[in-house]
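These notes open a run of structures that come right after.
Here subunit A shows up in two complexes: once beside subunit B, once beside subunit C.
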Partner chain A sequence: MDLDALTGCLASSACLVTQTTSGFIIGMLLFLVAVGLTLIFGVLKVVNFSHGAFYMFGAYFAMTAYQFSGSFALAMLCGAAGTAILGLIFERVFMSRVYGADVLMQLLVCYAFVLIFDDVVRMIWGPEFKSMGMPAAFQVVPLFIAGGVVPPYYLLLIGVALAAAMILGLGLARTRIGKVIRAAAHNPGMVSALGINTGLIYGGVFALGGMLAGLAGALAAPVRSLTPGMGFSVLIESFIVTVIGGMGSILGALIGALLIGMIRSFGSLGFPLFTEGLMYLFMVIVLVSRPTGLFGKEVA
Partner chain B sequence: MTRTRKPGVSRRATLAIMGAGAVSIATPFGTPWVARAQAKTIKIGMPTILSGRVAQLGTSSRNAVMLEIEKVNAAGGLAGRTIEMVIRDSKGQPQEAARVARELVNTDGCEILIDAEASSGAFAVHEVARDLGVLCLHTNSETSALTADPKQHIPNAFRTARQGVHDSIVGGSYAATIAKAKGLKKWATCSPDYAYGRDTTAEYVTYLKRFAPDIEIISESWPKLFQPDYTEVVTKILQARPQALYSCLWGGDLTSYIDQANIYALFSQMEVFAVNMADYTALTVVKNLPKGIHSGNRYIKTYPATPENAAWGDAYKAKYNEYPTNWSWENATAIMLLAEASKKANSADGKKIAEALRGLKIKSPFGADGTVTMRAEDQTLVGYAIGWGTTIPQEPYVPQVQAGDWKTIFELEAEWKKSKGYT
Partner chain C sequence: MTELQAEQGAQALEVSHEAKTRRNRDALIALAVFVLLALLPAVFSSKLLLDFVIRCAAYGLFATSLNLLVGYTGLISFGHGMFFGLGAYGFGLMMQKTGVPVPVAFVATLAITFVVALVIGAICVRLKEIYFAFVTLAFQMLIHSTILSWVSLTGGDQGLRGGIPRPPFLGIDLSNQLHLYVASCALLVIGLFLMHRIAQSPFGYTLRMIRDNATRASFIGIDVWRAKLTIFVLAALFASTGGIIMALFVSGAYPEFAYWTISGEGIFINMLGGVTTFLGPMVGTVLLLILNDTVTRLTDYHGLVLGIVILFFAIGLRKGLMDFVVEWYAQRRNGDGERR
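Moving on to the complex of A and B:
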């Protein structure tokens, strides 16, 4: 434990700014993965254990697109669109067959695809780790805000993730499609009886979830190394986020992800040997005091 | 016509189980690999890691071995017997490595083992070699204790890899020189949180402080192995404001770390010493390699700067379309030593080769002076090229390497062994 470092940091604006943005970066990427997970659970009632694979595919798609085109924007687009299509196919061909099935069966199908997707990546891109590289536009000196260090790329990353969160939140709350999705989450039988194609909604929601994870992967690609199996560690943290925030709640995913980001960021100063443990400890506290998570009752 | 098998154990399976039982019962009494010693080909077994996150360890080890075996076979093999490699995946699990090693000897009839496991698996294979008495060459484990600890010593096991303590001595003395010249007093460390990271960092710091006693470690970070994000570690180091940073992160973890530290401009704020940087696995992957990272040589074809080394690196690249790794030269050395020892003993017999290996000095592209030696007393490789230099973002990546001095290494290694109670 190193409480002096932590209190010292809290007293200094430079450190506060640096660590807070660091927490935001970790949190916002985590949010993009976790929100897809929570959305799919909220509507489809399926815990998608293969969700990390979409994060991985997003990163690989972005890297490939970037290598061929040299355009960062196109790389992000390919990462997101590619995984959306993949999500749609995956849902329609495989997941839709196990909706009524036992949860163990769903788990088994998802786990099988974790392994299959990893091997697919290994076959296409090879088993070695890869790096996409930072686009030239972002290879600049970091900004100094109140003495704290903030890399411009991370500002973009936080901005894109926040925009995605707002579009998603508003879209679900204000648009007709959003209403139908919320209705389908609440009572799919009734929605179907009203003549709405629930299969299409399910496929769409799965594609949307996949797309968000893919976007997270694409945004992370310039700063994280790409390996088959890279989705797994992200998936575990995303589960912690959804458990803390409450399964099925978008706001919960956002708050949960930011909390985990801050715990990692400030925890590494104050409790360098217990940062991971702190995350789980926090999860346990939430689960004991609110078993449904912080925003568990609110169904998307 | 198809037949449906009834559930339960079939007659064939029963026979197979009985057969396997007979072999395992027979093993303690008669060693089957000796019985087959007169075959025309000689099988060499190689347990290694061919799948998972460190599959590159296995593939680049295998590639180097096959490159050398081709040459040896073209020149007549081991005492006239053609070498046949049997390479198996242990998936990086020690118990699997031990099982595979045992099976290679007992079932496949391998007469020699090339143990291309990482340290965790190497100790398991070592026990198998102890039990079966088969000649075993450890090629990838750099953990010093494997050969330094007399409890581990067996006459039939050798190491053809570099050694952690050698690296620490050379790295510590190199860093101390720079620290003194540039006045780097405040240091931070950032290494993966498992045995290798902890041990290597501790040894490095020991020698750094020995050569430059006024150095102070003001911040330590221990990210998890394979952690995807290092942002909190990067910012923590920035807060501590050290003058220099040591790291033994490797592979994908190192490249992630560099990418993430780069956008915080960390490399312009302190001197960075990353022992595992100068290996093509990392050098060729990082897109924006900062200039001036200090690194130990793992494998680069420009150090030692000899035509032999460059030719070897190019031949490997021509055949496999990628550059060799640190594991590649360590495995190639095993085959080179085997071939020479077999020639000297004029035999392919494991015991005779082992006898010839002790103290054997051979010409090598990887030698500090053009030769490497299998030291007789602890059966480990010495005299290999070892040095440190700074990176540039394009080939040759590390243009100038400052060679480590083997005389100093031997002195301090002897001292270290004494302090550990090994001698």
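Moving on to the complex of A and C:
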């Protein structure tokens, strides 16, 4: 434990800015993964245990696209679109077969795919750590805000994630498709009876969830190292986020992700050996005091 | 005493008598299996076979205890492997740091597991199925990351190295492979016997009722939370015993023992063998270990092959092997009766 470092940091504005930005980065990436998880759970009532694999694929797709084209925008697009297609195929071919089955089967199918996807990545890209490298456009002098160092790429990352959150929230609340998705989450039988193809909705939601995770992976690729199995720890953390925020709530995912981001960022100063533990501790406190999560409505 | 009461009394007596004969029969079967296993080295002197049986004992205890949760109570724990790891690390550390006799370390490790399982269980068993699965998984990851980061105690990602001292006690020398083999078989048979007694006891039937309809169980006065917590802790103790056998076998403990894939394998073993029979997980254990050994020998991409096999079972067959055996048996019996 190193409380002096924590209080020292809280007293200096430079350190405060740096740590808050890094908390935002962690939180925003987690949000993109967690919101897909929570969306898929809200509509399909399954927890996609292999969601971390989409994050991983997003990062690898982006890296490969960037190496071939040198275009950062194209890399992001490939990361997001590639995982969307992957999500659609995964849902239509495999997951849709176990909707009626019990949780055990759903977990097993996802478990199988965690193993398969990790090995597929090892086969194609190799088992060693990879890195995409920062695109040239962002290799500029970092900004100084109140004495704290903030790389411009971080601002882009936060901006993209916030934009995704707003588009998603508004899209679900205001558009016709959003209405249909919410209706399908509520009563799929009725929606289907009204002549709407629920299979398409399910596939679409899964693709959307996969795309968001893939986008997170693509955005993370320049700042994190890539390795097979990188998705799993992200999956666990984003699950903790959804537990804290409440399953099925987008706002909950956002708040939960930011809380976890800040805990990780500031916790690593004060409790370097117990940062992970802090996260779990926080989850336990929320679970015991509010079993449905901060913004959850359903009884957990 | 009215006639009705007398009749009930006689019935109760008869039931308890029947239960006693069944228990005696179970004990006899357990003893016979143990004697058979113990005589195995006299017939086959292959060291590989003995090693295989020891590993079966470790994983079998773990998987069967998981079935008490998954199959009997409907608690799908995805973090049961944490107790396997806890057993291995608890026992290994106790032997390395304190030098107490093996039985003392054994009991002390179970005591630690008891406390940890009680705390984690108290938080988890309230939760609904998918939450339960993931929160247990989260705790498993917490224990795993603690093992990785607490380098001074656990050796971090290197694991407990330098071997676990296994001083002889009561004439049993666990560093001798034959002694370890017999001890593992004894632990396995005793563990299976105890778990079977739990499953067949009134408490075991309470668990089945909670699995089928928890609301109803609580309406007729069963404390569901307490029953779930009890079986969670009991299952943890058996899983921990499996971990102890593993630590004795490899003479060490590694972070992989506490990694989530152990839990995943446990769930798959249950699926593979079938959760509707008591011995299903044991069959699953033997099959998975054979499969694992074969696959690792043939290819580097162990996860890919294992994943495809799991998919085949989960989407293709949707049942475990023992389920098919039971069904086939039932069908044959019915078929004989109904034959025109």
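Everything below uses one rule, namely that the second predicted complex is superposed on the first by the 297 of 300 C-alpha atoms of A that agree within 3 Å, B and C clash if a C-alpha of one lies under 4 Å from a C-alpha of the other, contacts with A are read in each partner's own complex, and residues count from 1 in each chain.
Assume contacts are C-beta pairs under 8 Å (C-beta built on N, C-alpha and C of every residue); 3 or more make two chains touch, one makes a residue touch a chain.
Every value quoted in this text rests on a predicted model; they were computed, and no experiment measured them.
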Touching partner for A:138 - first (subunit B), second (subunit C), both, neither: first
Which superposed partner A:230 touches (first subunit B, second subunit C, both, neither): first
First (subunit B), second (subunit C), both or neither touched by A:173: neither
Touched partner set for A:94, first subunit B, second subunit C, both or neither: second
Touched partner set for A:113, first subunit B, second subunit C, both or neither: second
Which of subunit B and subunit C A:240 touches, first, second, both or neither: second
Which of subunit B and subunit C A:273 touches, first, second, both or neither: both
Which of subunit B and subunit C A:105 touches, first, second, both or neither: second
Contact residues common to both interfaces of subunit A (with subunit B and with subunit C): 233, 273, 276
Parts of subunit B lying in touch with subunit A, wherever the complex brings them together: 51-53, 55-56, 59, 220-222, 224, 226-229, 231-236, 238-239, 251-253, 255-256, 259-260, 262-265, 281, 285-288
Parts of subunit C lying in touch with subunit A, wherever the complex brings them together: 70, 76, 78, 123, 126-131, 133-135, 137-139, 141-142, 145-146, 149-150, 260, 264, 267-268, 271, 275, 301-304, 306-308, 310-311, 313-315, 318
For the subunit A and subunit C complex, residues of the former touching the latter: 47, 94, 97-98, 101, 103-105, 107-109, 111-116, 118-120, 122-123, 232-233, 236, 239-240, 243, 247, 273, 276-277, 280, 283-284, 287-288, 291, 299-300
Subunit A residues within the subunit B interface of the complex: 5, 9, 15, 18-19, 22-23, 25-26, 29, 127-134, 138-139, 141-142, 149, 151, 153-154, 220, 222-225, 227-230, 233-234, 264-265, 267-269, 272-273, 275-276
